[in-house]
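Following: one structure in structure tokens, then a few remarks.
Chain IDs A, B, C, D and E follow the sequence of writing; residue 1 opens each chain.
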Amino acid sequence: MEANELISTVQSLEPAATLRDKVDRPAMSVPKESVPALMRRLRDEPALSFDMLCAHTAIDWHNENRIELVYQLYSTKHRHYLAVFVSLLRDMPVVTSVSDVWRIAEWQEREVYDMFGVLYRSHPDLRRILLDDDWKGFPLRKDYKDEFMLEAPK
Amino acid sequence: MSAITVTSLDERIRRSIGADGGASTTQEYFVNMGPQHPSTHGVLRLVLKLDGENVREVIPVLGYIHRGVEKMGEHLSYRQFVHLTDRLDYLSALANNWAVAKAVEKAANIETNERIETIRTIVAELQRIASHQLWWGVFGMDLGAFTPFLYGFRDREKISDILEETIGARLTMNYIQPGGVMFDIHPDFQRKVKEFLTYFRPKLEEYETLLTQNVIVQERMRGVGVLTAEKAVSMGATGPVLRASGVAHDLRRSEPYGVYAKAAFDVPVGRNGDCWDRYWVRIEEIRQSMRIIEQLIDNIPEGKHLVVKPAVRTKVPEGIHYSQVETARGIFGVMLVSDGKDVPYRIHVRTPNFNNLWTVTETAPGWRVADLVTIISSLDIVVPDIDR
Amino acid sequence: MGLITEKLPGIIEPVPGGSVLLSSMDAVINWARSNSLWPLTFGTSCCAIEVMMASGAARHDLARFGAEVTRPSPRQADLLVIAGTIVRKMAPRLKLLYEQMAEPRYVIATGSCAISGGPFIYNNYSTVRGADEIIPVDVYVPGCPPRPEGFFYGILQLQRLIREGESIRRPGERRKPVLAALPAGITLDQIQAELRELLESKAQVKLGASATAGRG
Amino acid sequence: MSSWEVKTIAQRAAEAMPESVLAGAGYVLLAVGFAAAFMALMGMALIYAERKVAAHFQCRLGPMRVGPHGIFQTVADTIKLLFKEDIVPSQSDKLLHLFAPYLSMMATLLALLVLPMSPVVQIADMNIGVLYVTAVTGFGVLGVLLAGWSSNNKWSLLGAMRAGAQIISYEVSATMALLVVVMFSGSMQLSKIVESQAEGWWIWRAPVIGLVSFVIFLIASLAEISRTPFDLPEGESELTAGFHTEYSGLRFAMFFLAEFINMFIVAGMAATLFLGGWMPFHIGGFDTFNSVMDLLPPGAWFSLKSGLVVFLIMWFRWTFPRLRVDQLMKLEWKILLPIGFVNLFAAAASVVFGWYFFPIR
Amino acid sequence: MVVSESNQVVAPPIQRGGFFSNLATGLKSLLKGMGITFHYFSRPSTVVTQQYPENRATLKMFDRYRMRLSLPHDENGFHKCTACTICEQACPNSSIRIVSRKGAVTNKTELDRFIWRMDSCTFCNACVVACPFSCLKMSGDFECSVYDKSLLVFNLTRYAGPTSTVLMKVTDPQERAKMWEPRDVYSGPVPLRGTAVPGGGRTLGAPEPVKASAPVAAPTPAPATAPAASATALAVEEEGGKK
């Protein structure tokens, strides 16, 4: 499916979705409330059938006080991509889990929790994945400070 | 809105015991496999719930080699970041380099020439063969046959030599750079590659006789750890793991980069997604890679090997840029978030092994400990690639 | 110590001339130990391919040194090759592995990551900067990763260390032959002190701290 | 056909005893010393051989740097293991943990006693030799089970349980194969079995039957001594080091040694039962050929034959992968045992009707 | 994007028959495997082992093999480094430190010490490629094991002073001697008990040794130590305490 067509289809599913520019792939920004429902429709809609969650990560926009989640979707049937962006408040990053839509999301969300502190509602097993259970802080946040870290000499 | 609770591993295990504790007459028990275990290929830790020899549940515990590469990437220039990707999936270092190079070139509008792309394709395919050779040897070793390991490595050394002569390193190459390759190919490169191809063809037949046709190996793989196509896709598996489940998703075919469009090759796919299919797909991929190299090796066009001066710190325009390549293990993707500087704002690497590993939680339960080893080995995981 | 060493020195030592006997015994035992270094099957990242696998493979053949008997159980291993990065989550496990090994045990740190953190020194929240912050290291083999020959050179160095530096009476206590070829009139301490000063002021690296940390 | 005078050390001791107690005791000491020294030296030699043979199967050289071609490699290993710390885990069952390796070693030693290595080098010759060997080697599993149990390690226990199941199962097939030979030769005494092969080795004297039971015996006893492809109890890639995970130093060396001596015992038994023991290789009426063959002493013939079987076992090890637990059981109960039974009946028929061919001895 | 579904090869299923045919094919496959291993066992010529310390005299690294960074000095003992710190910036993990000084005569920035931390270097070659004056070189000397990791920090330059181009312009030896002063060079692995490793005392792949008394008409600067060869006094130090 062509990019424009893809975007208009997604917009017909979720009117609140807006185009996310400066991305070199079809990309949509959607409000966080619509995440699980929209994601399920993206997967189940025959014309879209995004059956694979390639990667799920986040970007910490420190200055704008928000964390942006990125869902990179791929359809093995139609062979097209879509990136879905969800903005969360940096102080209270809560979103509903999509682990019942794509199996792999369970672990990718755990990683995002581990690195950014994003909390996932109705996640089956939310705990740190890469760091120790008793780790303080979320290292990929821009303001993460750690006694252990060394600044590179300039 | 329900409260969100964060569990700990101990709690997770306790919960798992509670699930059917007391219901069964035999007692299930937990065993730690790893972080130091001969067949977890590094420092992967698997918490196994066993019932005698039977695996009831697998809980992978990661992070024993989590090195914070993504955090470091926010402080390194694009060219410097390339050398870190060597150390993620060190068996496909060149493909990983290529992913970063591709992302930067696409974002910064750097035009590479045909020669660069051809060299990149050939060396990446050579390393794919080397990676599969190593996997073949280690797979044999995990099944208890030690000799395939030695044979696999014996032939892998030939590729190591070819690459070392051109690149100057045996494992962590840092060869494919944004805007070209670090060195031009060595004058002997083409001759040696052709020599290798003629040397390796009969050896591959030996591989087949030694393991593929061996009745013990076949029985250990047949029907073990079936991963259906639907599950594989939903688990986000890529590479040979996905293709063995019958989904012919190969980036080299579906979105050709480099000069893959010029080369004729087949995509091997499996039928059932069991260990045998994963095994066979990799062996067949060696053949196909050899085919690709054979077609390209005599047709390396003339040109410069580097179009951007290496001292230049490339600036990438603001925005989010993706690139993906097909490594020996699956799709390696790079997401660059740039704010217009020469250092990325955020860099995310999507590694194939992370997704591939989790399929073990679906495929292993119900099989025995020995099968778990086979299944893990057939996934061909590289642990630093999972943990990053 | 072992079944025999528990008893033996006590019996022999009071005998006049016992020191001669013991030192020749030392030579035999150290010869045996140096030629029978069974490594632990342990590798964390890239170095494991080169140092544990490729050097054990046919081209380089670790077996020539009698070291191909890789033991998966730390109880039976003599040599811990730290092949790869050690991160903070792994550090307690590495220490545990080391403690599980039976004396005498030897440690080789291979590759930049195990020596100093390598590529992961700066802006990194998880990588331990050198395995010697966790356990004592006998020989450092630089490289990223070192080639198998480089690792063999490290093994030769370790063999030398064992042959010269160890006594049955003081198990685990090792003398390190330091360095022969230095510029005339310059001591090692001078060079190190000067460099340390330079590096610490410029690069915020504590060079000496990690070297002593493991030995406490 | 020259007849061999068989005289075991036990017999000599018994003969010497009435005349002088000292001489009798000397023979006993000789026997004990021989067994111990044989075990240590043979163990070291076998380990060295294994490493070299493995190396050459794998296009490499093996130990090279300790002595010429590394011949002192195992000496160095032994000395090192002797002086290595002996760890007893604090949570283990200490008494059993310390005792288990000796048990394993003892079983091996006991089996060694009846092996007829030459007409004069045999320590004891019981009239129930075959039964005795079967019983005593089965006893070795006790050491393994105890080791696995007492270590207080789950991997060890898994390995020990595997070993128990495996050894007890394969005992059946091994005995089935031995019975064929017992039937043929009409005796359980090992020296008698050897002598009964003067007319031709059992492996080819009876059509196919001997060969089949040889193969079954080899497979079953490989499983009993846990060699690849049946090395499940210590399968490195699955159970780290299996039942001896928690053993170090000398006690680990004992397991290691017992494993290799067991291999020799299997080879020796195979040679004795199927390959004519210390009998030279003779072909029917070729007297010149036969007399040339007689030049080699019987002891050398025995070593040659058992060496051949040892090589075969190593060859298996460095070629085959390991079976899975259920496949192991399937192989035993569904394949080897039925074939063994049929073979046994065929052997009985062969004995009754006197179907012997091939006068190759 | 339209992709043809052709050009695929599908995995063949494993064929299984009855009891006896399985037995026969199984045994045959095992024997074939044994044939392969025996093929190699019976042919000593297939052994591919290179015996490292013994073959030291003939072992040759590939030209491009990257292991030891060096700052080649020309026949006069001068290098080309201008202390521009481009390599320092290119280095991804700050393994290079350029210590520069104000030249006494020229009054320009010049190299004082070139410090390279081999203990953290990843041999990625970024510095060599980035150097605009091509004055750095990676060579294939892999014998670098040490007992103390602080010995893995090297100073690559033999003198503090300007580049060879500047120095060679000055013809007066007196004047030239004022422009530079010697610095300690130390490098090379710990020799193996004087005898070095079997196979001779050559340092593998190291750049051609420059004559020690390098710069023209000068008091002997820091002697460039030929590492493995000179093993006169082997200092064995007690390194304190229980490790």
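Please note the rule applied: a contact is a pair of C-beta atoms (placed from the backbone, for glycine too) under 8 Å apart; a residue touches a chain by one contact, two chains touch by 3 or more.
The shown structure was predicted, so the numbers you read here are calculated from the model rather than taken from an experiment.
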| item | value |
| --- | --- |
| Smallest count of steps, each to a touching chain, taking subunit A to subunit D | 2 |
| Innermost chain, taking as reference the mean of every protein Cα atom displayed | B |
| Furthest chain, CA centroid comparison against subunit E | D |
| Dominant chain pairing [most C-beta pairs in contact] | C-E |
| Most remote chain, CA-based centroid, reference being subunit A | D |
| Centroid distance [mean C-alpha coordinates] between subunit D and subunit B, Å | 45 |
| Distance from the mean Cα position of subunit E to that of subunit C, given in whole angstrom | 21 |
| Whole-Å gap separating subunit D and subunit E, where each centre is the average of the chain's CA atoms | 52 |
| Subunit B residues counted as touching two or more neighbouring chains | 37-38, 63, 66, 68, 71, 75, 83-84, 86, 147, 150-151, 154, 157, 172, 210-211, 214, 216, 254 |
| Sites on subunit E at which at least two other chains make contact | 1, 3, 30, 33, 36-37, 47-49, 51, 65, 92-94, 122-124 |
| Junction residues of subunit A, two or more chains touched | 79, 131-132, 139, 144, 152-153 |
| Parts of subunit E lying in touch with subunit B, wherever the complex brings them together | 1, 3, 5, 7-14, 22, 25-26, 29-30, 32-33, 35-37, 48, 62, 64-66, 86, 90, 92, 122-126, 129-130, 132, 138 |
| Interfacial residue positions of subunit B with respect to subunit A in the complex | 1-2, 4-9, 11-12, 62-63, 66, 68, 70-71, 75, 106-107, 231, 233-236, 247, 249, 254, 318-322, 331, 333, 335, 337, 345-346, 348, 350, 354-355, 358, 362, 387-388 |
| Subunit B to subunit C touching residues, read off their complex | 35-38, 42-43, 63-68, 71-72, 74-75, 83-84, 86-87, 90-91, 134, 138, 149-151, 153-154, 156-157, 160, 170-172, 383-384 |
| Residues of subunit C that touch subunit B when the two form their complex | 40-46, 48-50, 53-54, 57-59, 72, 74, 84-85, 87, 89-90, 93, 97, 119-120, 122-127, 144-145, 147 |
| Interfacial residue positions of subunit D with respect to subunit C in the complex | 51, 55, 58-66, 70, 72-73, 75-87, 236, 240-241, 244-250, 252 |
